[in-house]
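Order of writing sets the chain letters: A, B, C, D, E and F. Residues in each chain are counted from 1.
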Amino acid sequence: MPKLSDVIAVLEEIYPPQWAESWDAVGLVCGDPDAETAKVLFAVDPVQSVVDEAVAWGADLLVTHHPLYLRGTTSVAATGFKGRVVHTLIRNGVALHVAHTNADHAHPGVSDALAEAVGLRVTGPIIPDPTDPTGRRGSGRIGLLEPPITLASFAAKVADGLPATATGVRVSGDPDRLISRVAVAGGSGDSFFAEVRAAGVDAYVTADLRHHPASEATEAAPVALVDAAHWATEWPWLNLADRALTEVATERGWQLETRVSTLVTDPWTAHAPMPYTPPKPHSSTPHSPTPFDPTPAAP
Amino acid sequence: MPKLSDVIAVLEEIYPPQWAESWDAVGLVCGDPDAETAKVLFAVDPVQSVVDEAVAWGADLLVTHHPLYLRGTTSVAATGFKGRVVHTLIRNGVALHVAHTNADHAHPGVSDALAEAVGLRVTGPIIPDPTDPTGRRGSGRIGLLEPPITLASFAAKVADGLPATATGVRVSGDPDRLISRVAVAGGSGDSFFAEVRAAGVDAYVTADLRHHPASEATEAAPVALVDAAHWATEWPWLNLADRALTEVATERGWQLETRVSTLVTDPWTAHAPMPYTPPKPHSSTPHSPTPFDPTPAAP
Amino acid sequence: MPKLSDVIAVLEEIYPPQWAESWDAVGLVCGDPDAETAKVLFAVDPVQSVVDEAVAWGADLLVTHHPLYLRGTTSVAATGFKGRVVHTLIRNGVALHVAHTNADHAHPGVSDALAEAVGLRVTGPIIPDPTDPTGRRGSGRIGLLEPPITLASFAAKVADGLPATATGVRVSGDPDRLISRVAVAGGSGDSFFAEVRAAGVDAYVTADLRHHPASEATEAAPVALVDAAHWATEWPWLNLADRALTEVATERGWQLETRVSTLVTDPWTAHAPMPYTPPKPHSSTPHSPTPFDPTPAAP
Amino acid sequence: MPKLSDVIAVLEEIYPPQWAESWDAVGLVCGDPDAETAKVLFAVDPVQSVVDEAVAWGADLLVTHHPLYLRGTTSVAATGFKGRVVHTLIRNGVALHVAHTNADHAHPGVSDALAEAVGLRVTGPIIPDPTDPTGRRGSGRIGLLEPPITLASFAAKVADGLPATATGVRVSGDPDRLISRVAVAGGSGDSFFAEVRAAGVDAYVTADLRHHPASEATEAAPVALVDAAHWATEWPWLNLADRALTEVATERGWQLETRVSTLVTDPWTAHAPMPYTPPKPHSSTPHSPTPFDPTPAAP
Amino acid sequence: MPKLSDVIAVLEEIYPPQWAESWDAVGLVCGDPDAETAKVLFAVDPVQSVVDEAVAWGADLLVTHHPLYLRGTTSVAATGFKGRVVHTLIRNGVALHVAHTNADHAHPGVSDALAEAVGLRVTGPIIPDPTDPTGRRGSGRIGLLEPPITLASFAAKVADGLPATATGVRVSGDPDRLISRVAVAGGSGDSFFAEVRAAGVDAYVTADLRHHPASEATEAAPVALVDAAHWATEWPWLNLADRALTEVATERGWQLETRVSTLVTDPWTAHAPMPYTPPKPHSSTPHSPTPFDPTPAAP
Amino acid sequence: MPKLSDVIAVLEEIYPPQWAESWDAVGLVCGDPDAETAKVLFAVDPVQSVVDEAVAWGADLLVTHHPLYLRGTTSVAATGFKGRVVHTLIRNGVALHVAHTNADHAHPGVSDALAEAVGLRVTGPIIPDPTDPTGRRGSGRIGLLEPPITLASFAAKVADGLPATATGVRVSGDPDRLISRVAVAGGSGDSFFAEVRAAGVDAYVTADLRHHPASEATEAAPVALVDAAHWATEWPWLNLADRALTEVATERGWQLETRVSTLVTDPWTAHAPMPYTPPKPHSSTPHSPTPFDPTPAAP
């Protein structure tokens, strides 16, 4: 049976820590390098419900995409929810390992899994990693939709391809526009707008877009936006990571049992719709907003 | 007929620039202080469609909540969308004035209008302005829902009370929980979580919440979250500002015509739902997420 | 007739923006890239009198050496003089383009025109641009005076060669010293003293020298200083820029009318002399100052 | 005979070091606190010619307005001109003491002496020191010219009242404007423009104004500018400091001989005039510049 | 039996966290606030041997003076010695609480215990806490030695009063000097030299002095220095903290067993003497160093 | 007879200033480059007793390892001990030159001399200078002890090989451990711990180690520590520098007399031992500390 340090060494070969951003906090968060490791659980978020699942299943190692501590802490006391996670993990002998922006930048990585889930054929990264001579590693991915379909159909395809969350998918743009070339970025994608525009895509699939970046992007260029739950855009990568680890474990003859958590850790648990009338499709300027009927706003 | 400088002086009495945050950029963005001013349009966003509406209506002054330039620029050339806005405004003799965080902090201000729209009786700010002896100015508002209703009902009430947008309202929390005490903050509210928790509220209505702040807030305390479009949470304030200016204009005998724009400048124009099953209401831990059926994620 | 964007493209080929210092703000400040452009005015300062001249002459484009906004602004309201300039320009359809340190560093550039105006044959820059393989681009210029003349004569030659300003030319050094090798830097030149000394010149022609840099330079080495009005040292470049643009316009068959403004925008408009007795030429140390007769200082 | 430390203690009572700006470097630069001190020389600049005068006269202490080292040094080797000054002073037993912005801010201080020299009755500082209950200490001074005279006459009065320097006095503004209320600031005065404008003066007398601050000040408001040599605007203070020290020395019965240096340490030693034609006095806008005849600029 | 949170509340009343320096990291480092707490161990350093002692003794809480993590960490993995400490503590149900500069500043605090151990009567702090109206809290302590004794005798008294460490006590100064007034600072004391000199003491007892601070202090003023092991100067405080907690526990009727660790965690475990000849006591300048015989330095 | 500038040129060839750290302050601190230079004294510290020795011996130049001013000063007044040093030097015509981290990094440099003094054969630097193709320059040195001896014996050898100081040598580690591979760093060595560990040495000889770095180093890895007086670890280099300068002087036919100061400028002048019992050699974990008998700590 492998030791934790053996399994971590394989994970760090697949997702080398030096590929992470300088501000990121990846690698082993807790656990004893000498512990025997037989069961590995993959999840997006190191939250209490996931940790409880790991303990209940008897996991030795939990691999998450999101860091528990992105900024340094001087206390892991169980007076806060992160400290409770640490105490639960250590008391139950479960290690925690994080593969975050190193998994984003890897090939195949988080955005490759997202692209596959929404039906794209990847042609390369949005921002190539300058240290990668193959040009395949980097931030986000550009992909092709073959054959092209309308934005309305593509949004439905995204909603269908990703794990379901309460609030569905948000869309910006002319629903009849044909979408052929698409940029995708798992997780928060508002820092890549300039490169997405420069890439000449028809649509951009990402998450966590706020009003000002989305509004400015829409004013600046007619790129359609498709925004799903942050969790949902990163979940597909878990299977990818699971397969990659399992492949090496099999080669080495390790008895390693793995599992991908299906707990929905998107914080949104319900959606209340509104009676919105979309802009008319024959509108001359596709981005011109629709006036709304302000009567109901009067108290 | 008043000059632009007269109207701006009134607006700056209602929303004094010194009440704005130090990083904000409020006040007159363009326009000639000596221009005669007869028609004033109020809107949330200084985007091209709103500016076109101002020109079409013959406005002399456009008052927006959001700054055109939050960070300084050395160029207003019409090679970008902000420069096109400046050229359209100046060529058509329309001034632009911004009341942003000074309107947020004023009493009554942006969050008072939001509280009224969702049916709350305001009791005070989330973070009082330390320079205000009355204790009524400040960031966000705390309000009471009388009588208390369930989170599911409250979310529907929020969806009903705000102007309709394509993506509706996102909710986090136990749908059966009774909501009585509520915090509201128009626009992006993720910087007030600590104070919202300290205020002991049942729910928090705001906008633009991203995965990490919302997830951490949910892990840290059982406060329900209700997240609407940024634009929709700030739109109710436009009527408030309109009434405040009109009142002074009437006192001074000015022939001032005013109007509140009803263009929906929320960038999202459509919504694609997903087949999400909410967590069971009898769940012992209200925040425990539901597993999803990962079968559709396989391509 | 060319569009504004065509003319700007030519100007940016002659003075590429990437040659500017990182702190500088060059390029198009206002104007519509699609506007037809027939008349171009060149000037040093984007001040109101120059803008009025541009409007009166019917210019479509004003090209200035100095930026209107060196630091970013969030307002172009006509409540200040820079905002009035922007309003005058946009209302009258005059674009503004700035070529500042990119024109300083170009070859031929601002200091080449200055060197020619004061009678020097240029041999190279004071500080070569390390990215220029020809070694001709860079900050300031070194030139030769053939044949050498005394500092007193050279100062008169500088006063004669530059456009006249109210306060004339300030001189530091032994008037009888023979001047052969000269450094020149159009505009404020106090940041180049170390390199000027290292270049082994006899004199340095520049502008805007203040007490401490000039005093320390004089104590550190016996380099004569010749200081003219900032405006006057940069004005000669306007003809250079005009000729360069005109040449391309002619090649492309554009009907482009150009003009160099002769308005003196040096802020100083008068000079009051003082009864100063210069140090005796046979003084053993050429930099020893003359005592003055303090009697008139008694009130 | 007093020791150096006794004399310094008196000077620091007259010009307390804590009144200096935080970036300044005032106080004793070299000298032995126990040395007997009989002769004190006052000067503006601690340059070699002044130090040579101190040695030749047998001074024990040189008091200057300008610091020798404004920024810290780790070497006083005589390989540079400041090190040579230190070696000359220490080898000849001459101490050096600096009273810089503490003397600027004192009452009476540097700008009081300047105001007196140009014929003004001082009414208060430009920027009062907030820690001074009397309101008389602070930066710069505001004064009255009784009776008012034209700018042309006032410029001549300034030229007459200050010690003569080679380059005279520079003037900006309508020569016929009546000048009554005047701001003065000895030395470089370009950081006080906002307060000078707010003070509603007719003219501002200072030194070392460069193109951009002077041009922007002229565009922003019609305040006349009168700019003399930096050295000349500070020299009048030397007599003030001499009298203040002498008064205390007499009280204490010290045999202290004092002297004010009359060496002109303004770096400019000559002036070359230009054939400038001033703007016509009946010009409608007093700040409109005159065009110049560009013919001589052609090489 | 008290819960951990009860015991921590008492410790934070005795040593309030807000008394700590802003750069410090005090408070609970690990542990569950709801855990029952019966046995408390006090020690200076949270190192593995101390943690092993806590586990062996069955401690529920370890209180140390030094933080485990002074700077934030994003990992507590047992791949490093600090992570091993965290894992040992959590697996064995031992909490860790730190009272560092809050215990230094408290009255009585770390330096009070040190002063008592070396035989001083405390008169007040070296640097009073400006927020303490009693003037007793603050950094370091000043104390009196009654009657005065020679430095040689005082050094022996310090060596006798503190727990023994391998390298003994280092002394600087004239051994025959009479010592009456003494400053003490537990732990590294090199940041208090200016205040120590200003306090006019004869000697300063502290730890961790390096060459440059000690050499400069000796050159600047004839204050004798007595430097013990850092651990030894802080150990006496453990008894003080133990007594303070025990007193409250007794009042509340808690069955709390406490213990002070006697493990020597000073890292130095041996000392090799050198054949040094001290400077002669009749030397005219007490700080003049002795020449040494350089012969043995030749290899 | 050479001029000072000639001798400095040779010293800067042996220890080029560009090899110093960016924060360091090396080179000529005072002195006249044209002075004739016949006698050169070498010392570690530029303190008053060393300067007095230089004056008494008639030195023209004092070369020290430590800077007089590491941070810049704006005053060399003799009101402080550094200013008194400057005055003594300049009045007596003694120049001061510093070779600090440039001498540390040179080959042979400060740590080569230290390695030789403690009986090591150097194999290379701890941290090689990346700009040195030979790989011999850099920080610290690694050396071999042939044959290996116990830590107890090695500590005695270090105590014997270095000039004697009052406080001897501090040791951390198992006294019976065999020491073969050793890192050395003259002066404060606490910044090299990571590289020392990576080098796989048995012991590290350096100075000025404080509690926290030494404690953490000991917890992190079983490297023995040997800590001598800072002065003593750098003194051996003086002979090296003397020989290097003398060699060039002889080649050039200069009549240069040189001398190495033997004044002990370590600030510690006495040592008080303590009754410490070392951990038993048969202890299973060599770093486990010994408990001490706390009885004498009771007052």
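Following the convention adopted for this analysis, a residue touches a chain if its C-beta (ideal position, glycine included) is under 8 Å from a C-beta of that chain, and two chains touch if they have at least 3 such contacts.
What you see is a predicted model, and the numbers here were worked out from it, not measured in a lab.
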Shared interface partners, meaning chains that touch chain C and chain F
D
I want to compare two interfaces, A-B and A-E. Which one has more contacting C-beta pairs?
A-B
Taking each chain's centre as the mean of its CA atoms, the one lying farthest from the centre of chain F is chain B
Which chain's C-alpha centroid is most distant from that of chain C?
E
Given a C-alpha superposition of chain B onto chain F, how large is the rotation in degrees, taken in steps of 5?
180
Over half shared or under half: which fits the residue numbers at the contact of copies chain D and chain F, same or different?
same
Express in whole angstrom the distance between the two chain centres, defined as the mean CA positions of chain D and chain E.
54
Cα centroid separation, chain C vs chain D, in Å, comes to 28
Listing for chain D: what residues touch at least two other chains?
none
Quick check of your reading of the touch definition: is the inter-chain graph here a line, ring, star, complete or other?
ring
Name the chains in ring order, counting from chain E in the direction that reaches chain F next.
E, F, D, C, B, A
So in the complex, which bits of chain C are touching chain B?
5, 25, 27-33, 67-79, 83, 86-87, 90-91, 95
Spell out the residues on chain F that touch chain E in their complex, using ranges where they run on.
45, 47-49, 66, 80-81, 116-117, 119, 152, 155-156, 158-173, 175, 187-188, 207-208, 210-212, 214-220, 225, 227, 229-231, 235-236, 239, 260-279, 285, 287-294, 296-297, 299
